[in-house]
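Two complexes come next, and they have one chain in common, chain A, joined by chain B in the first and chain C in the second.
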Partner chain A sequence: MGETAPSSAQAPRSRARRREAGTALLFLLPQIFGLVAFVGVPLGVSLYYSFTHWDLVAPEPTWIGLENWTHLLEDERVPKVLWNTIKFIFTGTLSFLLMSLVAALLTYRPRRGVAFYRALLFLPYVLSQIAVGIVWRWMFNTESGPINAAIELFGVDGPQWLLDPATAMPAIALVTTWQGLGYGMTLYIASLHGVPEALPEAAKIDGANAWQRFRHVMLPMISPTVLFLVVTSLIGALQLFDPVVAMTTSGGSIGMAGGPDDSTRTVVLYMYNQMFNYNERLSGLGYAAAIAWVLALLTFVLTLVQWAFSKRWVFYAGEGAAKKGGQG
Partner chain B sequence: MTVTDTIKVGAPSLAAQPAPGFHQARKRARTGFYHVGMTVLVVLYILPVLWAASMSLRTDAHMFDADQLIPHPITFEHYVNLFTILPDFGRYVGNTVLIAVVGTAGTLLSSSLAGYALARFTFPGQRALLMVILLTLMVPPQVTLIPQYVIFRNLNWLDTPLPIIVPMLFGGALPTFFFRQFFLTLPRELEDAAAIDGAGRWRTFFSVMAPLAGPAYLAMGLLTFVQLWNSFFVNSIYLQDQNQWVLTQALQSLIGRYNSQYGEIMAGVTLVSLPIVIGYVFVQRWVVRGIAFSGMAN
Partner chain C sequence: MRISRRLIPICLTMSAITAVTACSNTAASSGEKSNTLTIAVWGVNEDIDSIKAAAKGFEQANPGITLKFNRTDCGADYAVCKTLIAGRNMADVLVTGTWNFNQMANDGVLADLTDRMAADGVKEEDFVPVVIQSDKAAKDGRFYGLPMGYNVQSLFYNKEMFAKAGLKEPPADGDYTYDDLREWSRKLTLDANGNNADSPDFDPKNVVQWGYYNRFAIPSEPGYWPVLWAYGGGVLGGDKRDQCDLEKPGTAQAMQLLQDMMWKDHSSVTPQMEQETPGYLRWIQGHVAMQQGSHEQVTIAAQQNPSLKYDMAALPKGPEGNATMIQVHSWAAYAKSPNLDNAWKFIKYMATEGAGKQMGLIPAYKKVAEGPAFLKAPGEPEHLKEAQLDPAAWPLARTNIDPQGVLATVLGQDGLGPALNDIITGKKPAAEALKGTCAKIDKILAS
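Right after this comes the complex of A and B.
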């Protein structure tokens, strides 16, 4: 009798566990279906497309083996669009990370009125990148725009901004920084609020100046947030599209964006061009899929590198404790 | 505290001479300086937004005058002209609202169900599933776009809102993770109480947990709505027929074609942004909290 008791108790328990798993599956069903149908399967299919040629006029894609991939290496616009993305990372991403930290340091202390400053700094983030791009297109206008009008007050001619290949990408970077600043600031503020007040105070008593307190106390404490922002803003930088279209389109068609002289044509814009223009031998969905896969591989490698290096500089306050458990 | 006191005592006797009010006055001056500086900074910061709205109300003769931040005389002619250039503006509003409302509602429902299951159920493969969901955040949407485009084309869904709405109905990696993190913060006792009262897991979710997650729904809902309202890239792929356009596409069509008509362009920018800005004024707190929470969740 005493021996049958545990096994008979186990049967209903395992049945209950199975029922729980069944209910969980039902709760998760839409999300799992979405992952499979809109991410998993398309990911594989686009890899398949990258080995085909398809201009959508033909009923089916034609297998062409590695031709798209070898063409990527010969296509002189590929290094160009990659270089444009690197330009953006070293202007737009870097300035976003730094300026939003400055904004957070200026506004994170709870004082009267500080909520108002934060709200205004955050405002551009909720606007559409197209609307923002259009407004800044006007700001950068070389004939009657306010920026160059202000510069001319000092008796100097302003830069040609969006008309000059040397300044077009930095100008776009300025706009994306302006628009994204509030987002970065909000995350930095939340993180700064998590730093125990005793820490910088103790450092102050030990004679650390403001910079040292920031560099050696605050910055390590908020480094997980810095890592999060670095990773996500790099992923976003690789996908730059809307601001370029809004600020460089001439002639009303997206296909015309990316100027002057291709200096702002990004990877995604080039993919768009190849997807809908069929005036070259290989252009079409197949070549566009190969470009998209380059983007995916770049994202993957960059994220891995970030993650590997993060062990050197990211400091987790609760390290070793339960913190590492189920958290991404 | 005692240490700092010692330092003050040890300071040169000159510092001890001024009246006790001196230190406070200096502090007040510094606070005043901070507020003046910040006010100038934030006003300069949103000047482009103010300038755009102001241009939409100026007469053409004064369009480029520097002293027209507050337009005088005010005119609404650019708004009237905008509806001549884009006679279907009302339709674009309708298309945009449809996508934003249905897409947001669908994402919230599917993602909160999935997030709840990941937070509160135990089942085999739970951690693996969470990892897969987080990994998909790394997949650029452009990679999955091309096969999706082919599928939706074969379904004859091009130039309908379906290719944008339908994927949203099945949730998203980020909102699902967001809801998981949120449900983890709620106490288990409430569910235990509901279970004792005989409520099944579905009833517990819909009548106890979902209402408790109100702030999470509000914050995530606002973020999703704003993102859909502002989105351009996918819309420009799927909605090439002018009748199906959303507002961002209508705006984009103005540049290039009506480059010199600044009044009309800025009227368009203002009309598209105004609902979001007005909404933002009221719910700003929730948007910011949602973003802070989603960032903290990592």
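Right after this comes the complex of A and C.
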């Protein structure tokens, strides 16, 4: 009896666990189905197409093995579009992260009228990127745009903005930062509100100045939000397309976007060109799918790197205490 | 940073991928023969209404055939046709343009109509020669479409501005030069103080009336190609448009003229001003004296500024003679349509008996083009025939056909794009900007 008692007690527990798992699976099924149908299958299909050539007009794709992939390594335009994308990461992403943090620090404390400023800063986020791009294209107009008109008030000629390869990408970065500012600010504010007031106050009593309180108390406390924004904005930067099209398309064709002098053509714009605009030997769905996969792999690797490094600088409030408790 | 909207191009690619598996459709690609004829149309509302109005006669004559008009950009943009084909939703009939017709014919998208034309007595001679030639595929010389109509580049001018400046109106038959045009343009450009561009007191930063507008400011090929041809240059030359003409002296001369008019004379609308308000609208609003444009300007002027007093003239002479560009819109049938017989009936009607007044184009069917329905239609400018019909017979009246399907790449960032940008923004003289472009174009042509 002594031997059978535990197993007879385990059996109902195990049955209950299985039933519980079955119920959980049932509830998860719609989500699993959605993931498989709308993420897994398209990913698999696009991977298959990256080994084929298909202009969409032929009845079926033609299997060409690794040709798209080897061509990618030889394609002289790929390093250029990658470099353009990296330029945007260093300008657009960094300015977004910094400026939205500044906006959050200026508006997170409850003051009179602060809600109005927050709403104002958030407003561009709800606008269409194409509409925003068109409006800013006019703002950057070197002859009749208000930006250069304002600069000229100081007796200085403004830059050529979208007409100069040196300033075109920073101009696009400025627009995306302006538009995304409200989103980043909102997340930072939510995170800043989660910092216990006692912490900066204690640091103040210990003699820490404002910068030290921010650097050594507030910043570590909001570091998970910083990490989230770094990861998501980097993914967004790698997918840059709409603002470039809206601000640099000339001659009415997306095939001509990406100027001046090819300085704003990003990986996604090039993928679009190869899919829809170009008529080269490998142009079409297969080569575009290969480019999409390179972009996806690049995103994955960069995200992994960020996660790996995040262990050094991201601080999760409950984690340290839990570890200490465990060790004790 | 917004992520969701940046996913659009990826979604487009993915949707093209998933389109492969799409199975529910009602259009031609479903493979079932039907009495409903699907017609892909594009353009502004007025364009589509004009097509529907022209098709009324066909519907009355063929009560057994139901027409279903699908508004898509297929035909204007080949990419849209491709996604429709991949999704098995392609229409039976479509409207192609000279800029993508050959690429579609090369890919086997368009049905060969040559034998049907012969069987039904539709003759090549019934149409304007340069126009019907563009419906022959470069690959085999067979007909894959019939013209809906065409656009010819002409000079549109404001009669009142010419009178105020004390200038004679441009000769309607094009018997004047680009130097004349440039001189008139300077005289017709006025600053806020009323000084013209020849005056020493002229203030180029305060222009209120421009002399000239050319779509070179966008830059769009119907704008600058005729000027290049008149100077003996071009972008792609040869019957198959497979030779780079960009480093011919005439190309640089023509582009330099257009650049000088914008940045030296300050008499032509610049790219920056174009961004703010398109030059053609400035002309229609009465702020530009002359513009190079096509017949659609007549429709736009009638709608937006009916009181505008204007006329048109054929384009001027360059060192090589008069040149103009023709863009043809053609009716074509999808090669895999199960309704090819009905599609042909419809195409034949729309290109012959039903021709005219479709998408604001000049009818290519001679009986209609030279008849009173077009030439003496109300609202048409006085010199319509000299400016729009006669130039189609010029030796340098060329279409913008693209037999190799390379134009998007040639004009884009891998080809002429950067040089064009430098020229239209006045950064570099034309000859300097164009130096080395043929090496790039040759590479594109080779690939």
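The criterion applied here is as follows: the second predicted complex is superposed on the first by the 287 of 328 C-alpha atoms of A that agree within 3 Å, B and C clash if a C-alpha of one lies under 4 Å from a C-alpha of the other, contacts with A are read in each partner's own complex, and residues count from 1 in each chain.
Keep this in mind: a contact is a pair of C-beta atoms (placed from the backbone, for glycine too) under 8 Å apart; a residue touches a chain by one contact, two chains touch by 3 or more.
Owing to the predicted nature of the structure, the values given are computational and were not obtained by experimental measurement.
Engineer: So, A:Pro79: does it touch chain B (first), chain C (second), both, or neither?
Structural biologist: It touches nothing on chain B or chain C.
Engineer: After the superposition on A, what does A:Arg265 contact: first (chain B), second (chain C), both or neither?
Structural biologist: In the superposition, A:Arg265 contacts chain C only.
Engineer: For A:Gln129, using the defined touch cut-off, is the partner it touches chain B, chain C, both, or neither? Pick first, second, both or neither.
Structural biologist: both
Engineer: Is A:Gln239 touching anything from chain B or chain C once the two structures are fitted on A? First, second, both or neither.
Structural biologist: So A:Gln239 meets both chain B and chain C here.
Engineer: Now for A:Gly255: first (chain B), second (chain C), both, or neither, which partner does it touch?
Structural biologist: In the superposition, A:Gly255 touches chain C alone.
Engineer: Once the shared chain is lined up, is A:Ala289 touching chain B (first), chain C (second), both, or neither of them?
Structural biologist: It touches chain B and chain C both.
Engineer: For A:Tyr278, decide between first (touching chain B), second (touching chain C), both and neither.
Structural biologist: After superposing on A, A:Tyr278 lies in contact with chain C but is clear of chain B.
Engineer: Is A:Pro196 contacted by the first partner chain B, the second partner chain C, both or neither?
Structural biologist: A:Pro196 contacts neither chain B nor chain C.
Engineer: So which one touches more of the residues on chain A, chain B or chain C?
Structural biologist: Per-residue touch count on chain A favours B.
Engineer: Given the touch rule stated above, what does A:Trp138 touch, chain B (first), chain C (second), both, or neither?
Structural biologist: both
Engineer: Would you tell me the residues on chain A in contact with chain B in one complex that are also in contact with chain C in the other?
Structural biologist: 42, 45-46, 49, 56, 128-129, 137-138, 144, 183, 229, 235, 239, 241-242, 250-253, 256, 268, 271-272, 275, 285, 288-289, 292
Engineer: Touching chain C in the complex: which residues of chain A?
Structural biologist: My answer: residues 42, 45-46, 49, 55-57, 77, 92-93, 96, 125, 128-129, 137-138, 141-145, 160, 163, 176, 179-180, 183-184, 229, 232-233, 235-237, 239-242, 250-253, 255-256, 258-262, 265, 268-269, 271-273, 275-281, 285, 288-289, 292.
Engineer: Sort out for me which residues of chain B touch chain A in the complex.
Structural biologist: Residues of chain B touching chain A: 3-4, 31, 34-35, 38-39, 41-43, 45-46, 48-49, 51-52, 55, 64, 66, 109-111, 113-114, 116-118, 121-124, 126-127, 129-130, 132-134, 136-151, 153, 167, 169-173, 176-177, 201-202, 205, 226, 229-233, 236-237, 247-248, 251-257, 262, 265-266, 269, 272-273, 276-277, 280, 284, 287-288, 291-293, 295-296, 298.
Engineer: Which chain C residues qualify as touching chain A in the complex?
Structural biologist: Listed in rising order, the residues of chain C that touch chain A are 1-3, 5-10, 12-14, 16-18, 20, 79, 82-83, 85-86, 103, 107-109, 218-221, 270-273, 275-276, 404-406, 408-409, 411-414, 417-418, 421-422, 425, 427, 444, 447.
Engineer: Which chain A residues qualify as touching chain B in the complex?
Structural biologist: Listed in rising order, the residues of chain A that touch chain B are 17, 20-21, 23-25, 27-28, 30-35, 37-39, 41-43, 45-46, 49, 56, 106-107, 111, 113, 116-124, 126-131, 134-139, 144, 146, 149, 178, 183, 186-187, 189-191, 194, 205, 224-225, 228-229, 235, 238-239, 241-242, 245-246, 249-254, 256, 268, 271-272, 275, 285, 288-289, 292-293, 295-296, 299-300, 303, 326-328.
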